[in-house]
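In the two assemblies presented below, chain A is common to both, partnered first by chain B and then by chain C.
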Partner chain A sequence: MTSVDRSPRAGDGVASPARGSTPSPPVAQAGGPRRSRRRHDGWWPVLFVLPTMVGVVVFYLWPIVQTGYFSFTEWGAFGGQTWVGTENYVRLANDPDLGTAVVNTLVYTAIVLLGIPIAMVVASLLSRPGMRFTAFYRVLFFMPYVAMPTAVAMVWRLIFNGDFGILNWLLGLVGIDGPAWTSTPGFALVAVSVVGLWTSLGFAVIILSAGLRNIPPELYEAASLDGATAWRQFRSVTVPLLTPSVFFVTVITVINGFQLFDLLYALMGQANPAIQQTQSLVYLFYNEAFLRNDKGFAAAIAMVILLIVGAVTLLQFRMQRRWVTYA
Partner chain B sequence: MKHLLRSASLAGVAAVALTLSACGGGDDAADDGAAVAPTDAQAEITYAIWDENQKPAIDQNIKDFNEKYPGIKVTVDLTPYQQYFTKLQTQGESRTLPDVFWMNGPNVQLYAANDLLEPITGLVESGDVDPSKYPEALNELYSFDGAQYGVPKDFDTVALWYNTALFEQAGVDLPTDDWTWDDFTAAASTISDELADQGVYGVVTELNGGGQSSYYDTILQAGGHVISDDGKSSGYDDPASIEGLRLWADLVADGASPTVQQLSDTKPNVWFNSGKAAMFWSGNWSVAEMKDSPNKDDFGTVRLPEGPERRATVIHGLANVVAADSANKEAANAFLAYLGSEEAQRTQAEMGVANPAYTGTQQAFVDSVPSFGIDVFLESADEMSFPYPISQHTAAWNALENELLPQAFSGERPVEDVAQELADAMDAELAKE
Partner chain C sequence: MPEATLTAGAPPAAGRTRARRTSRHGSNVWAHVLLATGGLVMVFPFVWQLLTSLSTNAQVMSVPPVFWPGELQWGNYAEVFAKLPFLQEFWVSVSITVVRTVGQLVLCSMAGYAFARMRFPLRGMLLALVLSILMVPSQVYLIPQYQIVNGLGWLNTVAGIAAPGIFSAFGTFLMMQFFRGVPDSLEEAARLDGANPFQVFVRVMLPLAGPSLGALTIITVLWSWNDLLWPLIVSTRAESMPLAAGIATFAGRTTTDYTVMMAASVLAMAPILLLFVVMQRRVIDGLAHSGLK
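Here is the complex of A and B:
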C-alpha cells in the first residue's frame, strides 16, 4: 500500500469523491475507443460539461497551479513576487511547527471520526419502527452542522471558559477544579475536537439514516426465516450494507478534519497562549499567509496540505475494496 | 453664534474647493494629494474603524458631516482590532482599501512606504487641515519621507484604573498619584488574598495581545527600552527591560493577577468592568466602555506607579488617512478634513469615546465622565510620556512578542531566557527592514 501506483486507476480513485458511491466508470484509454465514441457524439457532450469545467478550471485548478508557482516565491508586503527556488520548502521541512500542526490535525481528525460509530447508534435508534418524533430528532442533530462555526464557537467559549464557564461549574459541583479548556495546551485540542465531533454528528446521522432505509426489508425477512438473531441480522445484513454510507461519511469527515481552521480560530483566537501548541495545518497556513504576511511560505504549506489530503484520500479509496460492500 | 461660525467656515470650504477645481481642473499632482469635494458632491465612501465603543460618536460625526455634504454617503466598516490590520493588508494587496480609515503608529510607515496612502499636503496648503492644531509628536508619527499622511484623531496614554469598593472591602488604602511599584504590588497581592473567596484579583491587564498597557510601560519605568532610538535593534535583552517584564511574571506567580490563560478566556477589561479585579492598567480608550459599566460609580484613575528608574507611560495616537487608490478621493478628503475639525473632535470628546487630538478640545473629554478623574491621562501625556515603539515593519516583531512573552508571564520559562530569545528574533526581523 505504501508504494504509489501510477496506473490510471489510481488517478481515477482521487477523482471519485464527487461522484459519491457510484462505481467508477471505465477510464478512457488513449487510442481507438475514445476516437470512435467522439465520432458518434460530436462535440455536444463537451459543450454540455463546458460550463462546469470552466468553473472547475478557473476557480479550482488554476489557483492550485498558481499556488504551486507561488510556493517557490517570496512576497513583498503588498504583493510582488521574487523567485526563491525551493527555499520555502527547505524552511518548512525544518520548521518545528509543521510537525506539531500535522500531529494536531491527525488527533483532531481521529477524535472527530469517533463520531461515526456514535452516529451509527443514533441513526439505528432513529430508524427503529415505532420511534416517535424522528423528524424532530433529526433536525435537532442536524442543526449544529448547518449553524455557522463562529456562532457555535461563541456558545462553546462560554461553556469552556475556565473561570466562569458552565462546564467548570458543573465539574465544581462534584469537586473537580477544571482547567481553562480553550487556553491550556492539550486540553484545548480536545475541547476543539469535541466541538468538531458535535457539529459533524448530524451530517453522519443523516447519511447513515438514508443508508439504513436503503436496505431492502426482504433481507431481514429472509434472515429471520433462516433463524438469524437480531444481533446476527445487524452483523450480517445491516453492517455490510451500510458500509458504502460509512465509507462516504469517513472520506468527507477526514477531508473536513484536515481543513480544520474556522472552529479552532473562533474558539481559541490568535492571541491565545495555547495556540502554538494547538494549531492545525490550515491555521499554520493562515498564520503565515495573513498574520505574518509571508505568502510564498504559506503557499508551500498549502501545497503540503494538498499532497497530504490527496494521499490520504487515495489510500482510503484503495482500501475500500477490502471492507466496503456494494449491494 | 456657533451656528454662524459653522456656516462661515462652510462658505470658506466651498470657496476653497471652487478655487481649487477652477485652477487645477480637479486633477492635482499625485504628491500633493487631491482636493476637497464641493459641498454638492455626490459620492459613496467607506470609513473603516476598529473600536465598537466609538461607533456612536462616529455615527454622530457622519450625521453632522452630512449637514454640509448631503450627497456624500459614508458607510462605516467596523472590524475588531485583532483582525483589522490583517484585513487591511489584504485590501492593500488588491488595491481595494477603504476610502478613509483609521491608521496607527506601528503600521503607518509600512503603508506610506508602499504608496497606499494619500499625502495631506494639498489639504494643508488649501487650509482644510491645520497641523499646528495637533500635538507635534502626532504629526511626526504620521509623516514619512517629508510628507504627512494622516490627520491626527486622538491620543492615548495609560493610567491605573481602580475600583474603590473592592479596595474598601479588602481594607487597603486607595491608590495615589505618588505610588511606587512596591505600593502597587503590595496592594495587588493583599487584595487578591483578602478577596480570594469572591474570585477577585488585585490587578488585570493585557498580557498576550500587545504591551501598550502593560510591559511597554513597565519596561520604560524600569529604565529599559523596547527598541533602540534608531529603530535598528531590540531592547528586550537590556537588564532593565527584563526587570519591566518580570514585574508581570511575579504578579501572575503571586496570584495577584489572573494567569495568561485566564486573561485569554476572559479579557482584562471584562474582569475589571464586572468588578472581579481591583486594578486595571489601561488607556483612556477604556473610558467609553467603563462609563457604561454597572460598577462605574466605583471607578477612578491615578497615574501609573513610579518604577525603579522613573515614571512613564507610552503615548500613542490614531490618525485618519485616505487611500491613495480611493475612487472618490475628493469626497474622502472632505470627510477626512471634517474628522480633523474642531467640531468633529469635540463631539468625540463630549461623547467620552476618545481623547481628541485637536488642541483645546480635550477638556470636553475630561468633563464627559467627571467621576473618573480622567485628566490624569492628559497630565501623564504632558509629564511622563514616551513614544510608542515602532519601526518600518512593526507587526513582524509584535507577532514575536505575542508568541514568546506569554511563556515568561506564565512562569513556563525564566523571564531572561524568553527576553533573550525575543531580542535575537526581533533583531533578525529588524535586519530585514
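Here is the complex of A and C:
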C-alpha cells in the first residue's frame, strides 16, 4: 500500500460538455466552476457506492465506535451494559497477563522479522543471472504462505512433540535433550515463532524479488564501468534501491505479527498448560471476549491493541526517512 | 529475463564478459545447493504430513521415527469422515468462500469504480471513511459484529460467518486503484453511444479489470478458506464450522488420534494447495501486487 498510484486521474482537466443523454437531476453539483465537469453522474454513484457504504458502516465503522464505548462498560450476565468509567483500563493496567501478552507478541514479531534477511538472501540467489528452476523454487518457498495455518499447525505439533517429535530426535543425534516444545513456556513461544517465520518467509521473498527486478540494469552497468566490485555494487546499488521493498515487507510483517492468533491457537490448543504464559494480545482478547464473556474488559484490550499497532506503525513511518531510499 | 540473455548467445563484447558469465554460471551451483536445502526445509512439513497421514499411530509415535510407513494406511482418510463432520465442514468452507468472493467482486468493483471515476458529493469523505478501516485491527469491531450476527439469529449459519467479509475496504481500494488508471477515452466513447454509467461499467470497464479482479479473487479465497478467528466466534457446533475452525476444534478434543488429524489436515489444505500449484504465477503475482493477504 506504500506504492499508491500517483498518476493524475485520466480525464481531469479535459473539458467536455455534459452529456444530455444521461438522466441527470440537478443533484451532485459538487465541484466549483473551476473544476471542469466531465459529465453529470446523477444518482448513479448512489447505486454504486451505497451497498458498500451500508456494509462498511454497519459492520465496521459503527462497531468501532461501539467498541470504544463498550470499553467503558461492564456487561451483565444476561446482557445490558453499565457505565464503569475507566475501570476496565485500570484493571487492564494491573493485569500481569497484558504485559505477558505484549512481550510475547513483540518476541513473536521480532523472530518472524528475522525472516527478512533470510528472504533477502533467497531473493538475491533467485535473481542471479542464468539461474534456472526459479519458478520451482518460488513455489517451494511460497507454499507455506498459502496453506491453511490450522492444518499445517497439526504437523508442526508432531514435529515439535517432546516424546517422539522428529525435531527432538534430530537434536538427540547431536546429544541435545530437547524439551516438550509446545507445552513448555518459553520454548512454546519459540516454536510458534519458528512456524510463523516459516509461513511468512515466502511473502517476503516474493516482494523482495519484485524489488530486485525493478532495479534498472543500467545502474549496474554504470557502476561496473566505474570499476565497482560486485560487493561494492551490492552495497551501493542493490541495498539502497531495495530499502523501499524491505520497508514495505517490514510494515506488513509487523502488522501481521501483532495479529498472531491462528498458529498459537492451533499449535498449542486451549487446554495447553503453557497457554497463559504464551498467549498473544489477540488471544488475550479472544479469551476475555468469547470464552470468559467479559466483553467490556475485552473491548478495552481491543482499544489497547489499536493504540499499540497505531503507535508502532506510525513509528515505522517516522523512521523510514532514516534508512529508506526512494529513487 | 536473465535466462534469456544467457541462452541468447554471447553478445559482441566477447572475452571478458564471457569469462565472467561462466564464472557466475559456475557459482550458481552454490546458489542451487542453498536454495534446494532451503526449499527442502520449506516443504518438509508438507511431506511429513502426507507420510504420517498414511502411517499407523504406532509408527507416528515411534522413536527413531519411521520415515516410510511401508503399507500405506488409506483407511485413515476414510476415518476422517467418520470422526469429523468433514463433508459438512467442507461445504461450509466452500459456501462462505463463494459468498464472500462473489460479494466482494461485485461490491468492491462497483464502489471502486465510483470512487475512481464518478463525481458526487462527499466523495472524499466517504472514501476516507472506508479506507480508515484498513488501519484498524479486527479486534476493534469483532464484539459488535458478533452482537449483530447473534441478534439476527445467524450464529452457526453460513450467512453469519460470511456476512461481514462481503464488504472490504481493501478490495474497494484495490479496484479503485485499477479504475483510476483506465484511459478516459474508452468510457467517453461508450457514453457517446448512449450507454448509461452502469452499462459503461459492465461492458467497458469490467472486461478490462480482469487481472485486478483475479487478484481480488485470489486474496479473498485464500483468506476465507484459511480464516480461523471469526468462524470460531460465531460457530459453536462442529458441523456448522468451516474446516479451519473444525480442525482446530477436533485437535483440541482429541490429542492422540494423530493419523486421522493429519489426514483431515491434508484434505482441508489440498484444494487451495492444488489451485496454487496449478495457477502459481497468477497467485504469486496477484499477491505481490496487492501486498496483503
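The rule is short, and it goes like this: the second predicted complex is superposed on the first by the 264 of 327 C-alpha atoms of A that agree within 3 Å, B and C clash if a C-alpha of one lies under 4 Å from a C-alpha of the other, contacts with A are read in each partner's own complex, and residues count from 1 in each chain.
One rule holds in what follows: a contact is a pair of C-beta atoms (placed from the backbone, for glycine too) under 8 Å apart; a residue touches a chain by one contact, two chains touch by 3 or more.
Quick caveat: nothing in here was measured; it's all calculated off a predicted structure.
Visitor: What's your read, chain B or chain C touching more residues of chain A?
Guide: Here the partner covering more residues of chain A is C.
Visitor: Examine A:Ala271 and indicate which partner it touches, taking first as chain B and second as chain C; both and neither are also allowed.
Guide: Both partners, chain B and chain C.
Visitor: Which partner chains sit in contact with A:Thr182 here, chain B, chain C, both or neither? Use first/second/both/neither.
Guide: It touches chain B, and chain C stays clear.
Visitor: Is A:Val139 in contact with chain B, with chain C, with both, or with neither (first, second, both, neither)?
Guide: In the superposition, A:Val139 contacts chain C only.
Visitor: One more residue to check, A:Pro51. First (chain B), second (chain C), both or neither?
Guide: After superposition on chain A, A:Pro51 lies in contact with chain C alone.
Visitor: Answer with first, second, both or neither: which of chain B and chain C does A:Phe164 touch in the superposed model?
Guide: Touch partners of A:Phe164: chain B and chain C.
Visitor: So, does A:Leu291 touch the first partner chain B, the second partner chain C, both, or neither?
Guide: After superposition on chain A, A:Leu291 lies in contact with chain B alone.
Visitor: Once the structures are superposed on A, label A:Ala77 by its partner contacts, choosing first (chain B), second (chain C), both or neither.
Guide: In the superposition, A:Ala77 touches chain B alone.
Visitor: Where does A:Trp156 make contact in the superposed view: on chain B (first), on chain C (second), on both, or on neither?
Guide: second
Visitor: After the superposition on A, what does A:Ile206 contact: first (chain B), second (chain C), both or neither?
Guide: In the superposition, A:Ile206 touches chain C alone.
Visitor: After overlaying the two complexes on chain A, where does the chain B footprint on chain A coincide with the chain C footprint?
Guide: In the superposed arrangement, which is not itself an observed complex, chain A uses residues 157, 163-164, 269-271, 290 for both chain B and chain C.
Visitor: Using the touch definition up top, name the residues of chain A that touch chain B in the complex.
Guide: It comes out as residues 77-79, 157, 160-165, 179-180, 182-184, 269-274, 276, 290-293.
Visitor: Which of the residues in chain C come into contact with chain A in the complex?
Guide: Those residues of chain C that touch chain A are 2-3, 5-6, 21, 24-25, 28, 31-32, 34-36, 38-39, 42-43, 45-46, 48-49, 52, 60-65, 107-108, 110-111, 113-123, 126, 129-130, 132-146, 148, 163-164, 166-167, 169, 172-173, 177, 180-184, 187-188, 191-192, 194, 196-198, 201, 222, 225-226, 228-229, 232-233, 243-245, 247-248, 251-252, 255, 258, 261-262, 264-266, 268-269, 272-273, 276-277, 280-281, 283-284, 287-288, 291-293.
Visitor: Using the touch definition up top, name the residues of chain B that touch chain A in the complex.
Guide: Against chain A, the touching part of chain B is residues 82, 86, 89-90, 92-93, 110, 114, 116, 199, 208-209, 258-262, 264-266, 393, 395-396, 399, 402-403, 406-407, 410.
Visitor: Using the touch rule from the top, collect the residues of chain A that touch chain C in their complex.
Guide: 1, 4-5, 7, 9-11, 14, 16, 19, 21-23, 27-28, 30-31, 37-39, 41, 44-49, 51-53, 55-64, 66-67, 70, 121-122, 125-133, 135, 137-159, 163-164, 166, 169, 198, 201-203, 206-207, 210, 248, 252, 256, 258-259, 261-262, 265-266, 269-271, 282, 285-286, 289-290, 295, 298-299, 301-303, 305-306, 309-310, 313
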